[in-house]
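Two complexes follow with chain A in common, the first pairing it with chain B and the second with chain C.
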Partner chain A sequence: MSALPEQYDYLGASSTGYWSRATPTTYSAEWLRDALGELDELRRLDNDWDSYGSPPPTPDAIRKARELILRLAEECAPTPSIRPFGGGGIQIESGTSRSELQLTVDPNGQAFFLALAPQGQIEEGELLSNALPNLLARVLLS
Partner chain B sequence: MSSRLDDSSIPDDALLWRRVHPKWLKKRDDNSLRVSSATFKDGRREVSVHIASLTTLETILAKYPGMSVAKITAGAARRLGHTVTPQPKEDDPSHAIICPPADRGSSKVDRDAEGMAAEAELIFIGTVPEGI
Partner chain C sequence: MPLPPKTEVFDTSHRRGPSFELLSRPAARCWFIDRDRGLLIQVQNGRFIQNWRKEKATKSYPKYEKTRSTFSRDWDRFTDFLKGQRLGDPLVQQCEITYVNHLEIEKGWQTLGDLKAVTPVLSEVSPGRLPSPEGVIFGSRYVLPEKRGRLYVQMQSAIGADGKELLLFTLTARGAPSSSQASDLLSWFDFGRTWIHEAFEGFVTPEMRVIWGGQKSR
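For the complex of A and B:
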């Protein structure tokens, strides 16, 4: 393997498709490698993994979830939980014991957010591009 | 408007059971377990449950070792505007589905899933992943 520029992390996992020469280490929050590994596991779920006939997460959902995980790492978000849900979608949860940001990626790759604040206030909507930093800050500071 | 007709023969206090995949378990601050809202989300807009009075825990878990089971009431789903409709299967006469109103947007359905997860109670705990 040829030497890589210092700012890139190869990690030798090209078969997963998640790490490449274009994955800068500036994204490398401590949990990022594990999170991308979890996402790769979801791709390998069998049909009926949920016992109710669900297919595994769709390629569109995986692609969007990966993008959101990288954005969360870039924002130094708390370690996220990554969960599949029925029908081929993925849910990403990040927050504290008091508040949480839930990102839902539908099977078609469309993303939505649910912000849960300490006193039970809930805000939800479509996740617009570039909205993640503000949403995360609001949740973590609430 | 709902995508399914609600069946009023299922009373509000009827218990509905849902198998819970290990990935849907999460911990509260006191380390007790609860279910994530992912438990009550489905991209097909139909969440399968079992009418508890028509089955047993052993029956619904027989083919699915490792799964946990959560309960909610039919009334909890209805208070969020969802319908509860029997959908018996050849091998499972207790099967039913919870559906959101047809015109409800995805983000509101996600909020409803959080509401159902908050109401749900784990009644059987199967495999618990390390590090949750």
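For the complex of A and C:
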């Protein structure tokens, strides 16, 4: 692809990502606005909220967590619980009686997952960009 | 993953049944982004797409003439590349032009229950004792003159990547150009854009258009 204009950089292939997007509220989970409100509350936490010296979630963690919450809502995942995580991160959990998905966002905005599937298998690792819909389909919505 | 093909069909005698395809080529959609991070070229088998979005580094909403010019330049370079690789000239079956407008809350409207300041089509979404809606959606579709394509209009409530409430106003014109010549593609885009402009003027109140104009230039 060297013949393409010089002012473009090759960004990737087989992307399932979106260039710019908004989440329609008519099709997404009804808990979306409440979840975004809860996330907003976390920004107001005091330093040392856990008595171990943790700061409130960082702006990068908030941004990534918001993105994950919007994706969960688009996929109509079960109502998530959202809580601060030591060191400036955030943890999001969504699950059913048979399965559970735990997403942890670190202070740099990097996301990791721990999934307990209905048959008892455990998966964990870094949550790669755009991997959430497939993960949800396998773990929570199957 | 590649985007599926979308073709406007008018002659119902050519209505297609289920389609099956054996893929012997890689199913990929390649992204190329410009240095300002505001312009994207997407290339896949069957599609060549230019997207623009507002980025911090991008100073203002570009005028149609500018995006038309960058598309023309990049399309020419792409077809030159295909010729250079002896891949032949593309046969263009459809052209599409889409405007995605984010009408943000507190910029001309305050609640989903009171959208008459934005558009006449959603002016009465809380009739009688109904509360303000949790979500709204409106869509319409039009056949363009001489069946040169269709125009799709959709307005719906949404939440942006920054968590803010907005109205997502999407206008899409799609149809067949008269040939695969670059000049005919551009001519179709001009045609599609004229009807998108017509729809924007008709669907958005004059007051909101003033606010939107100010929002675009920032």
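Quick note on the criterion: the second predicted complex is superposed on the first by the 110 of 142 C-alpha atoms of A that agree within 3 Å, B and C clash if a C-alpha of one lies under 4 Å from a C-alpha of the other, contacts with A are read in each partner's own complex, and residues count from 1 in each chain.
The rule is simple: contacts are C-beta pairs under 8 Å (C-beta built on N, C-alpha and C of every residue); 3 or more make two chains touch, one makes a residue touch a chain.
None of the values given here were measured: they were computed from a predicted structure.
**Q** Pick one for A:Ser94: touches chain B only (first), chain C only (second), both, or neither.
**A** So A:Ser94 meets neither chain B nor chain C here.
**Q** Scan A:Leu70 for contacts with chain B and chain C and give back first, second, both or neither.
**A** A:Leu70 sits against chain C, while chain B stays out of touch.
**Q** Looking at the overlay, does A:Pro107 come into contact with chain B only (first), chain C only (second), both, or neither?
**A** Once the two structures are laid over each other on A, A:Pro107 reaches chain B alone.
**Q** Pick one for A:Leu32: touches chain B only (first), chain C only (second), both, or neither.
**A** In the superposition, A:Leu32 touches chain C alone.
**Q** Thinking of the overlay built on chain A, is A:Trp49 touched by chain B (first), by chain C (second), by both, or by neither?
**A** First partner only, chain B.
**Q** Pick one for A:Asp40: touches chain B only (first), chain C only (second), both, or neither.
**A** So A:Asp40 only meets chain C here.
**Q** For A:Pro84 in the superposed arrangement: first (chain B), second (chain C), both or neither?
**A** A:Pro84 sits against chain B, while chain C stays out of touch.
**Q** Considering each complex separately, which residues of chain A are in contact with chain B in the first and with chain C in the second?
**A** After superposing on chain A, no chain A residue contacts both chain B and chain C.
**Q** Sort out for me which residues of chain C touch chain A in the complex.
**A** Listed in rising order, the residues of chain C that touch chain A are 1, 26-35, 39-42, 51, 53, 73-74, 77-78, 80-81, 84-85, 100, 102, 134-137, 156-163, 165-166, 168.
**Q** Spell out the part of chain A that touches chain B in their complex, as residue ranges.
**A** Residues 49-52, 54, 81, 83-89, 91, 93, 97, 102, 104, 106-107, 110, 112-114, 116, 122, 124-126.
**Q** Considering the complex alone, what residue numbers of chain A touch chain C?
**A** Against chain C, the touching part of chain A is residues 1, 3-5, 7-16, 19-26, 30, 32-33, 36, 39-40, 66-67, 70.
**Q** Residues of chain B touching chain A in their complex?
**A** Listed in rising order, the residues of chain B that touch chain A are 19, 21, 23-24, 26, 29, 36-39, 41-45, 47-48, 63-64, 67, 106-108, 110-111, 114, 132.
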